[in-house]
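There are two complexes below, and they share chain A, which is joined by chain B in the first and by chain C in the second.
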Partner chain A sequence: MTPAQVLDREGLDRLIEALSARGHRVLGPTVRDGAIVYGDLAATSDLPVGWTDRQGPGKYRLVRRDDDALFGYVVGPQSPKTYLHPAEVVVWAGERTAHGFTMAPPPEPPRYAFVGVRPCELAAIGIQDRVFLGGERDAVYGSRREGIFLVAVNCTEPGGTCFCASMGTGPAATAGYDIVLTEVIDGKDHYFTAESGSERGAEVLREAGAVEAKKGQVKAAADLVEAATGRMGRTMETAGLADLLRQSLEHPHWQEVAKRCLTCANCTLVCPTCFCANVEDTTDLTGRQAQRVRRWDSCFNYEFSLIHGGPHRASAAARYRQWMTHKLAWWFDQFGTSGCVGCGRCITWCPVGIDITAEAAAIRSKQEVV
Partner chain B sequence: MSKPKLGVFKFASCDGCQLSLLDCEDELLTVAGAVQIAFFPEASREYMEGPYDLTLVEGSITTPHDLEAIKEIRAQSKFLITIGACATAGGIQALRNWKDVTEFTRYVYAHPEYISTLETSTPVADHVAVDFELRGCPINKWQLIEVVNAFLHGRKPNIPSYSVCVECKRRGTACVMVAQGIPCLGPVTQAGCGALCPAYNRGCYGCFGPMESPNVLALGEWWRSMGVDDRALVNALRGFNAYAEPFREASDVYAQQA
Partner chain C sequence: MQPRQKILVIDDEEVVLDSCLAMLASGDYETTTATDGEEGLRLAAEISPDLVFVDLKMPGLPGMEVLERLRAADSTSVAIVITGYATVSLAVEAMKRGAFDFLPKPFTPDEFREMVRRGLERRVEVLVQARERAVAQAAGPLPGAAAGPMAPIPCRVLGRWEETHDTVSLALDPPPGWRGFRPGQFNMLYAFGIGESAISISGDPADESRLLHTIRKVGKVTESLASLQRGDVIGVRGPFGTPWPLGYAAGRDVVVVAGGIGLAPLRPAIHELLANRDHYNRVLILIGARTSADLLYPEEIQEWRGRFDVDLQVTLDSATGGWRGRVGVVTTLIPRAEFDADQAVGMVVGPEIMMRFAAAELLHRGMSPSRLFVSMERNMKCGIGLCGHCQVGSKFVCRDGAVFGYDEAETMFQVREV
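Showing the complex of A and B:
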């Protein structure tokens, strides 16, 4: 830990260069296809400069800001999960030989650096660490996770579907980063207060030419983050929620959700903590080459719970219930933490705008009447 | 062991799906080496009698002759796979199922009395037992190779029946409906194309037919909230897979209200 420092935009450019020079593939928010998604960063000009996002249930729009903020938006459909737990990865490949078979080791993954990671995303990485590394180390995740460099950005303008304050994961990053930034735009003054969370974070800040922040700058940044807490687009009442859900397995509201639910799996795929994947073994036509491929799967898919005789979660109600109760209740039993970080992606990217906070509230309110 | 005999047959269709087999390019020679092409008029003049170990059937059943022919093909086939939207759902020509065919023939043909056709265009599985249905308009050649590959190795084909959304998310396409307000059938459509249209900022047209648990009316309700009228909903659902039950039933609901 070093005292709070400050960078200007050129300093941030040097920071990206420094990460690149250390052999990282630098990733961060970029604009593509009408949304902010992770992409390669060579300089701050690759960031969504002057863009913001308007988010609501089933709706996302990019809108121009009236300033040149670099981080004036919240999270898009992707998260670091896209890279740490890839959507599709060859686990191993083998080839038949005269006396058996040989196996090729998987290629060495890149060493990623993420710039602009939000506090809820840091929390999500922490949760996936428990999932993939807590017990048996998952090689696919572990080989990508170990050695990453995380530059977090505190949130000063929460989005319409954000509820990190309810889940205790934001809007300020508290741990899990190498560097954390807060962007401040005050008239013509545009700067980033910075703190390191690791020794190499401090080194990179030095390499980027960060200088000690003035008291006023530190206060301005802290005020912005503090104000953000009260400006969340959504709230989730978490007190007793896990127990409430455990006791509500036959609640009629699951059927209500099922009328709207498309079982399309979007909520699980955009969720930064959902980790399910299937493993598929394939051969080529000759039967000489074989490989095992891991792909993102979802508890909303029919085959996910398919056993002899059929899937044991055949209805949409059963699938939604499984997802939501896992996220908010069973996750505690399994991993000792909530599975939800309050990022709001499942609300925004549900094609029909199903809102986990509203569904949880509905189950709670109807409970009280009963 | 002799190579399995392959037969490729077609009914009412554009030939595009069986051409996917010839479009396999690099894999074509391997396929040709693994099977004996016994009947495949698009590829070879050599016609061998049945029975066939693996039969691929393209096209829908639209004439009295088709009705007889498909029964004979079934009788001659150990393993019968239908390929493409025509064979699996009746195809775009199933739009006739909502209209009067004899009226069409009067408009189109100088001598409609020569035309012998059925009232409806129906999928092969409505008439004979089918071992596997491979969806798509056209089918995806990689899925075709997978199905042939699975047959050759005696295993279940890895052909998912979940939504197109899964493919969009895996390839990193931002949802065109959420981010751009473009109506998209992806959430109710089966994967298989690789989410091609959304990757080019187009909504999904439903070429691979209904996904495993389609909630078409819920998606339709959302489209309405986006300003899509019932007539446009009917048109969207009555495409290449119009007669697939979930699309058909939902389109009938909107047609009544339009």
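Showing the complex of A and C:
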């Protein structure tokens, strides 16, 4: 690893250019429709300059900052999952022939580079790696994931629904990136300390003209990240949580949550690790061309567990229990890791503000009386 | 130079044999004839014919039996049935026993020569497939899957017949590189452009030349699959899932309990149990169906029941059509069944409620939950643990099941909607 380096905003512009020049489609946070979502980046001016977000249960607002910070917000409704495990994707296309049919794989996807990926999002990519590449390799995810370039940004201003410190995934990125940045604004001084996590990361930093950081700059960045740990909007007590949930399948609290849960599936759509998908087989009007489309699905959907005779999990209580117990307990059994990274999206984007940290705490606190 | 293709004709009527010889004289074949089944089988073993014609109605060994023994001896053999009593049900029966086609008497020389041509063509295909299988076995991963594990591999439907009013069996040409399956496993079957469904493999695992599936028509996809005809092409992915613990069951009593369509995923296990009968202690097969019209594989059940080394019981929920057997749900057979609960292995498939009650009865008899196995049905879309639909607790039914030990499956049965 190279010693800590530093870039100014122009350096970051050169970094984006360098990634483009390497053939990447460069994506990063952008402002669209009143939210921060991933979009194409040609320069730092495409980033949400001077914007921040206010997040709470069922609440998300963008507000102006009094500085020109490039990364002065946390995570929006999207994550790299939107591109690595697309919401809708053709898995293969088939054509009827005289002797049956032929199958062709879909075209090669673009090579993505993400700038501004948060530590919780890196952790989520690590989790989806285990899901999609740990056993049977998923071609859709694999072809997008391999060759990806990741520029992470450490968090210095956690949001109202963040709890990555509880989940051990942030606010600092520790692995899984090519480059990690920390943004520092100190009066008129605005810079980004940078470390490379890979050989190509070091190359791109060189191409961007990064120089060695001063001791004071490194310390200023480290102090900001450290202070962030104590400023999380939420906490989750994880000790013994997986076992607690495994043993709480008949807990009355599930009925309690079900009174509020709309089973709208928002939480699974914004979750950066939720991977469930449906496949749909279709043909064109002639019946000659067929394709299989994979589309995000959700354990909150009524038809999700449908078998002949009806869905297996019909009640809202059973569907919420499935989601939360999967995320926080069964995920460990399946993939050796938590399914939750503490990004808080499910809390923010729940229309009725159901809070996974509060529900977990409720189950824990009512455990004795069960 | 290619060796001449060998044809064996087994028929008790000399005049038929003579005319067959005459009709084949113009072709470059080596033709052998036999006047009864015993002699036919002996000759087949000796010369390994490329194509065998078998008369169904002969004195001595019946044609159906000859057909079965031919295939048991060599699964690459191609046999065509000849009979003067052509009925649809006979043709279907022959197809079920592995006949490639059916030639009703009397036939013209052209019809006969056309049958010879098609039969020999099939033989070449079967031999190529056998070679590919051998190569694939040596090479590892399944070839032909360039579009990934989600891409169905096209396979031809070799035969189709109705089992009951709502179930159909399809005999498929195995996909290239097919390396066989283990009893209890399933395939994802794809009807072009319509969709895919998880269907258990229901044939004899020893028969490598065709893949049998019994499909119950319950929705759009299964209706489409069931309406495919001989010669149509279907997509196959698989085999997926865990097998029945037939190795573990060796030396023990085995209690097979099947409710309704549940007999289909158990049939390969029954085939294997009976093929290696001396490996097991008592074999009990308890079968339940709603009515006699819903009973799957009745001829085969008769055959199994005819054996002295199998205790097979059938019961119907309600007696119809002159049924004189037992009436009642299948679980009522368990209390009286003769097996040693201390060591017996149970294998149960049926509707979930039936499995729950059957498990309760078996456990009540003293069977250990660790020796009781069930096959779960859940919504399956991918078969490889990626789509998430079939999850039950920490299990992906497609990958960790569908055959589960009852100690694992207990939570699934006991917690509502888990």
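We adopt the following convention: the second predicted complex is superposed on the first by the 367 of 370 C-alpha atoms of A that agree within 3 Å, B and C clash if a C-alpha of one lies under 4 Å from a C-alpha of the other, contacts with A are read in each partner's own complex, and residues count from 1 in each chain.
The working rule: a residue touches a chain if its C-beta (ideal position, glycine included) is under 8 Å from a C-beta of that chain, and two chains touch if they have at least 3 such contacts.
The structure presented is a predicted model; accordingly, all values stated were derived computationally and were not measured.
J.: With both complexes superposed on chain A, which partner does A:Val352 reach: first (chain B), second (chain C), both or neither?
T.: It touches chain B, and chain C stays clear.
J.: Contacts for A:Val91 in the overlay, against chain B (first) and chain C (second): which applies, first, second, both or neither?
T.: Once the two structures are laid over each other on A, A:Val91 reaches chain C alone.
J.: Go through the superposed model and pick first if A:Met103 touches only chain B, second if only chain C, both, or neither.
T.: Touch status of A:Met103: second partner only.
J.: Quick check on the superposed pair: does A:Gly230 touch chain B, chain C, both, or neither? Answer first, second, both or neither.
T.: Neither chain B nor chain C is touched by A:Gly230.
J.: A:Gly287 in the overlay: touching chain B, chain C, both, or neither? Say first, second, both or neither.
T.: Both partners, chain B and chain C.
J.: For A:Gly58 in the superposed arrangement: first (chain B), second (chain C), both or neither?
T.: first
J.: Once the structures are superposed on A, label A:Glu136 by its partner contacts, choosing first (chain B), second (chain C), both or neither.
T.: second
J.: Output check: A:Tyr302 vs chain B and chain C. Expected answer is one of first, second, both, neither. What do you get?
T.: A:Tyr302: touches chain B, not chain C.
J.: Intersection of chain A residues contacting chain B with those contacting chain C?
T.: 280, 282-283, 287.
J.: Under the touch definition given earlier, write down the residues of chain C that touch chain A in their complex.
T.: Contacts found on chain C: 146-154, 156, 190, 192-196, 216, 218-219, 233, 235, 377-379, 381-382, 384-389, 391, 393-394, 396, 399, 411, 415-418.
J.: Along chain A, where are the residues that touch chain C in the complex?
T.: 91-92, 94, 96, 99-105, 131-132, 135-136, 138-139, 249-250, 275-283, 287, 290, 292, 294, 297, 299, 304-308, 312-315, 317-318, 321-322, 325-326, 329-330, 333-334
J.: Flag every residue of chain B that touches chain A in the complex, lowest number first.
T.: Contact set of chain B toward chain A: 27, 30-31, 34, 145-146, 148-149, 152-153, 158, 160-163, 165-166, 169-181, 184, 186-188, 201, 211-215, 218-219, 221-222.
J.: For chain A, which residues are in contact with chain B within the complex?
T.: 32-35, 37, 58-62, 76-78, 82, 87-88, 259-266, 269-270, 280, 282-287, 295-296, 298, 300-303, 316, 348-349, 351-353
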